[in-house]
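Take a look at these structures.
In the two assemblies presented below, subunit A is common to both, partnered first by subunit B and then by subunit C.
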Partner chain A sequence: MALERVNAVVVGSGAGGGIVAKELAQAGLRVVLLERGSWVTAYDCRKDDLRNQRTTVLGNAFGPDDERHPRVVVDESGRERTLRASEPGYHNNAGCVGGGTASYGAMAWRFMEKDFRMRSTYGAVPGSTLEDWPLSYADLEPYYEKAEWEIGVSGDDAGNVFRAPRRRPLPMPPLPPNRECQVLRPAALRLGLHPFDIPMLRNSVPYNGRPACMRCRWCVGFACEVDAKCGTQNTVIPAALKTGNCELRCDCVAGQVLLDERGRAAGVAYFDARGRYREQPADLVVVSCAAIESARLLLNSRSRLFPKGLGNRHDWVGRNLQGHTYPRAAGLFDFELYDDQGPGAGIAVCDYNHGNPGLAGGGMLANEFIRLPYQFVAQVPRSAGRWGRGHKEFMRKWYRRSMSVMGPVQEMPMFDSRVEVDPVVKDHWGIPVARLSGGKHPHTLEVARYMAGKAEAWLKEAGAIHTWTVVPGPGLSGGQHQAGTCRMGGDPRTSVVNRYCQVHDVDNVFVIDGSVHVTNGGFNPVLTIMALAYYASAHLVKTWKGTRMRS
Partner chain B sequence: MSENRETSRRGFLGAAGLALGALPLNAQHAHHAHQAVRQEKAKGPYRPRFFTPQEYRTLAKLADLIIPADEHSPGAVEAGAPEFIDFLASNSPELAAVFTGGLAWLDGETKRRYSAAFVDAKPGDQAALLDLIAYRRNDTPELGPGIEFFEWARKLTVDAFYTSPEGIKDLGFQGNGAMAEFSVPREAVEYALKRSGLG
Partner chain C sequence: MSASPWKRRRFLSAGVSSAAATFSGCRRNQNPWRFFTLEEAFLVEQICQQLIPADQDAGGREAGVVNYIDRQLAGFHSRQQNLYRRGLVRVDEIARAMFQDRFTSLASERQVAVLEEAETKETAFFNAILAHAMQGFYGDPRHGGNRDYASWRMLGVPPRPVRGRQQYDLTRGRG
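Showing the complex of A and B:
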């Protein structure tokens, strides 16, 4: 039975897709929002220590499930493995209504002006596809503001002298500093740095009809039982549904964008909650599945006109997969830092995002969210032993007297770090799965080593009596901060979408999520994804003429 | 309880090799595992659901070595780590294979080196072998499987201990207890009001 035609199908209800669905529905378009996962609540996830979106020993609490969503990952040595969704190395973000925003840590960063002009700022970096964005910070500024006010951000970045200009302050004040922040702030000031309260998508006061944070500490990786954490699932998606123009279909897995004989999108083919194959006809299609799955969906949408996949005439779909390289420093103190005050992270500096001698870019540094004890074990230095009395004593002595500082290093994109579709392995529905390969650029690791040193210096100044650093290896990035696989740009030969997130070759297909990031900033990416979604939606609505785009 | 177990067991079919850090245990929770173990122990002495008596003794010895009891607090055995692992293994053929294979390797290796099963070996010999397989830098084709197994044994022992009441107490950590009410701390409200310019 054919489904009734709608104006738009949005695939994926995460940060990008949730916003687009609401903007289009409010503009009067009839929208179907397809989500492969379910509507997961705090009750379902029960804040289990070993089963959440950060510690997945017992599985992903926010999807996707282990049984039906394999991926193939090729490591640096060429070894190929088929992984389950909760295994390390799968590069998961999430699979539920709200996508990553249902369980994230909720840092809400605006990128800096230079983050959109990396190539002009630093020049070409050999071996990297480093490039400028086709839009500027100023273009996005009003939409950053819209995201901050509509989704809801608390914090105070007035102390951040490096921040890009903003017209309006954040809508909510910061949460009170926890003990770590109280120790780190004066230390940063003594070092001549510029610390401030991290902007967070979290209610510090009642806002938008939801209560304030109760500081429970089980925050990053979990759902919030009082709904103080702001994601698309408790803001724009309910607003979209309220218009009466948007239908959310959960547990529906899109397999392909359908194309007509002229090469324009005709709708989306998907498998519904009962496993039935369906075709949803639509005037336009928005792909918002997060960087890895969006690339996979385009690559799986082959036709006579696009034998290598939709929008992939020049082999750029799936390229430049990136995330963030997180160097960290840990410190032990002879006083207690543990005060059980969630969400944990609270203080940051942006002194090292740019202008580091001889280096391209950098990243912000902040204290860590949480280190639940079983996570802290992974950081116990080798000298304490890996088992036995010494190990246990180390935990007892230092767990409450330790902290970490870390930061997301802006990565140098690599053409060969990529998403393909696997020629053999298929998922539960018979759809070819994503196949990931590649690694990090050496310069990214160089910046990461430098940043680890800066993080360590901050901890030392704060009084750490023993410190050590951890710098990630050269393996592929992606994961929760995955981005870059459908780059936006002015030249159709070296990018996939234009500055409005519209696929170059096909004017009624849009990619609106982290995929379009040319570079991923030295910051967690979600607020930029949200701002882009508002920006691209505004343009889409402006050019929309009843059933088609004005050309 | 038993219904839950059935559902989760059905979910684990399919799938190939198992990497550290991921058990194919959807619909399974740490609290659930601890609680199931506690209920079982309340009925009388624990009878392993999955492991043979010899395997279970070895598993318990390992847990005891990894996190021993000391003058401050009970260790992983008192905190129920062997039962926790037994419960998870009874729900996951892949994990079960990791542990049966690993425990057999451990016994084989101690027999070869010290002519005794692991539980019967001298404490010094047990420690020497653990010190070899506890570190990736000792990786050789011969020790590889042992190193792989130790990662799993350590991880699950630690996970079980630090999610148990005994482990949480040992750290003076508050743990993730159930809350009777959901309220915003007063200081947080006052601070926010002050910073907002409204207070």
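Showing the complex of A and C:
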């Protein structure tokens, strides 16, 4: 039985899709929002140290499940493995209503002006597909503001002299600083840095009908017990449903975008919660599944006109998969720092995002979110031993007297770091799975080592009696900050979508999530994904004419 | 931090464990474990007590780490059952080769020596049991380990706050 035709199908209800669904529904379009996972609410917060978005040793708390969603990952040495969703190296984002925003740490960064002009700023980097965005910070600024006020951001970046201009301040003040922030702030000032309170998508005061943060330590990786964390699942998605124009269908797994004989999208084929094959006809399709799954959906949408996948005429879909490389410095102190005041991270500097001598880009540096005891186990330095008396003694002595400073290094995109569809392995529904391969650019690691040194210097100035650094290996980046696989650009031969997130070859298919990021900034990318979603939706609504786009 | 939350939790968990004891006593099979044999469970307990030794604070045994591992091997980690079965045999083989006795009969220093050998020779098994021991000791008590919040007390981490949930009506003021 055919389903009733709607104006738009949005696939994925995360940071991008949730916003698009609401914007389209409020503009009067009839929208179906497909989500492969279920709706996790504040009532489902379990504060489980071993089963959450960050620690998955007992499974993914926010989906996808281990049984039905395998992926193939090829490592640097060419070894190929089929992974379950909770295994390390799977590069999971999340599979639930709200996507990653249901459980994220919720840092709400605006990219800087130079982050949109990396190629112009630093020139070509050999071996990298580094490029400028086809839009500027100024184009996105009003939509950053809209995201900050509609979803809700607390913080105070007035002290950040490097920030790009903003017209309006943040809607909520920062949470009071925890002890780590109190120690790090004067140290940063002594070093001549410019510390400030991190903008966070978290209520510091009651906002939007939800209460303020209660400052527990189960924050990043968890659903908020009091719903003080702001994601699309508790803001725009309820607003979309309230219009009466949007239907949310959970536990529905999209298999491909359907095309008509002229090569335009006709709808989406998916499997519903009971495993039945369904075809949802629609006038336009928005793909918002995050970089890996969005690329997979396009690559799986093959037709006579697009034998290599939708929008993949020039082999750019799935390319340039990136995330962030996180260097870290840890320090031990002879006084207590642990005060059990979540979320933990609160102070940052942007002094090293750009202008580092001889280096392209950089990243912000911030203190870490609260480490749960089990997470601290892996942070014990090898010199203390992996087990036995030494390890236990280290845990006991330093858990409350240590802290880490870390930051997301902006990565140099790599054409060969990519998402393909696996020729053999299929998921529970028979859909070919994503196959990931590639690694980091050497320059990314060079920047990471530089940043680790800066982080270490900050901790030393703060009084650390012993410090060390940890720089990630050369393997593929992706994970929750995954981006880049459906690059936005002016030239259809070297990009997948135009500046309005519209697939070059097919004017009624849009990709609206981190996939379109040309580069991923030296920041957590979610606020940029949200701003892009508002920006692209505004254009979509403006060009919408009844049942088609205005050409 | 006042001591009262701990007292209440101790009382609650005591109730739970006595209920469990009653339940296991009713079963025909006297082995209370879900996956391990009695011998295996004893061996795992001894290994975990070396991975996380008791000192002024509880060790792996006191924190019930073996209970965590048993529960997960019968559940989420069931794929690793064979790894454990074989690995435990190998640990005893290494103990016999080095000290002509089974692991559980060895003095503490010798047990450490056997585990150091196993760490390099039985890497997959050793890494698994080490990871599980740490999970069972430092992880959430709901999964069968970290009895009485042993590790969280050691680290000085307060218990889970009993607050927040259902403090307000989720259906109001949304959207």
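What we mean here is this: the second predicted complex is superposed on the first by the 548 of 551 C-alpha atoms of A that agree within 3 Å, B and C clash if a C-alpha of one lies under 4 Å from a C-alpha of the other, contacts with A are read in each partner's own complex, and residues count from 1 in each chain.
In this section, a contact is a pair of C-beta atoms (placed from the backbone, for glycine too) under 8 Å apart; a residue touches a chain by one contact, two chains touch by 3 or more.
Not measured: the values here are computed from a predicted model.
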| item | value |
| --- | --- |
| Simultaneous placement of subunit C and subunit B on subunit A, clash or fit | clash |
| First, second, both or neither for A:Lys242, with subunit B first and subunit C second | second |
| Which superposed partner A:Tyr43 touches (first subunit B, second subunit C, both, neither) | second |
| Which superposed partner A:Gly390 touches (first subunit B, second subunit C, both, neither) | neither |
| Which superposed partner A:Gly127 touches (first subunit B, second subunit C, both, neither) | neither |
| First, second, both or neither for A:Gly355, with subunit B first and subunit C second | neither |
| Touching partner for A:Pro169 - first (subunit B), second (subunit C), both, neither | neither |
| Comparison of subunit B and subunit C by subunit A residues contacted | B |
| Partner chain(s) touched by A:Pro474 [first = subunit B, second = subunit C, both, neither] | neither |
| Touched partner set for A:Gly275, first subunit B, second subunit C, both or neither | neither |
| Which superposed partner A:Gly59 touches (first subunit B, second subunit C, both, neither) | both |
| Common interface residues of subunit A - those touching subunit B in one complex and subunit C in the other | 47-50, 57-59, 211, 214, 216-217, 225-226, 338, 340, 373-374, 377, 386-389, 391-393, 395-396, 399-400 |
| Interfacial residue positions of subunit A with respect to subunit C in the complex | 41-43, 45, 47-50, 57-59, 208-211, 214, 216-217, 225-227, 234-235, 238-239, 241-242, 338, 340, 373-374, 376-377, 386-389, 391-393, 395-396, 399-400 |
| Footprint of subunit B on subunit A - complex, ascending | 46-51, 56-59, 65-67, 70, 81-84, 86-89, 154, 156, 172-176, 204-205, 211-218, 225-226, 338, 340, 372-374, 377, 382, 385-389, 391-393, 395-396, 399-400 |
| Residues on subunit B engaged by subunit A in the complex (per definition of touch) | 11-17, 19-32, 65-68, 70, 72-73, 75, 127, 130, 134-135, 154-156, 158-159, 162-163, 167-168, 170-174, 176, 179, 182-185, 187-189, 191-193, 195-196 |
| Subunit C - residues contacting subunit A, complex | 50-53, 55, 57, 59, 72, 76, 112, 115, 119, 130-131, 133-135, 138-140, 142-143, 151-152, 154-158, 160-161, 163-168, 170, 172-175 |
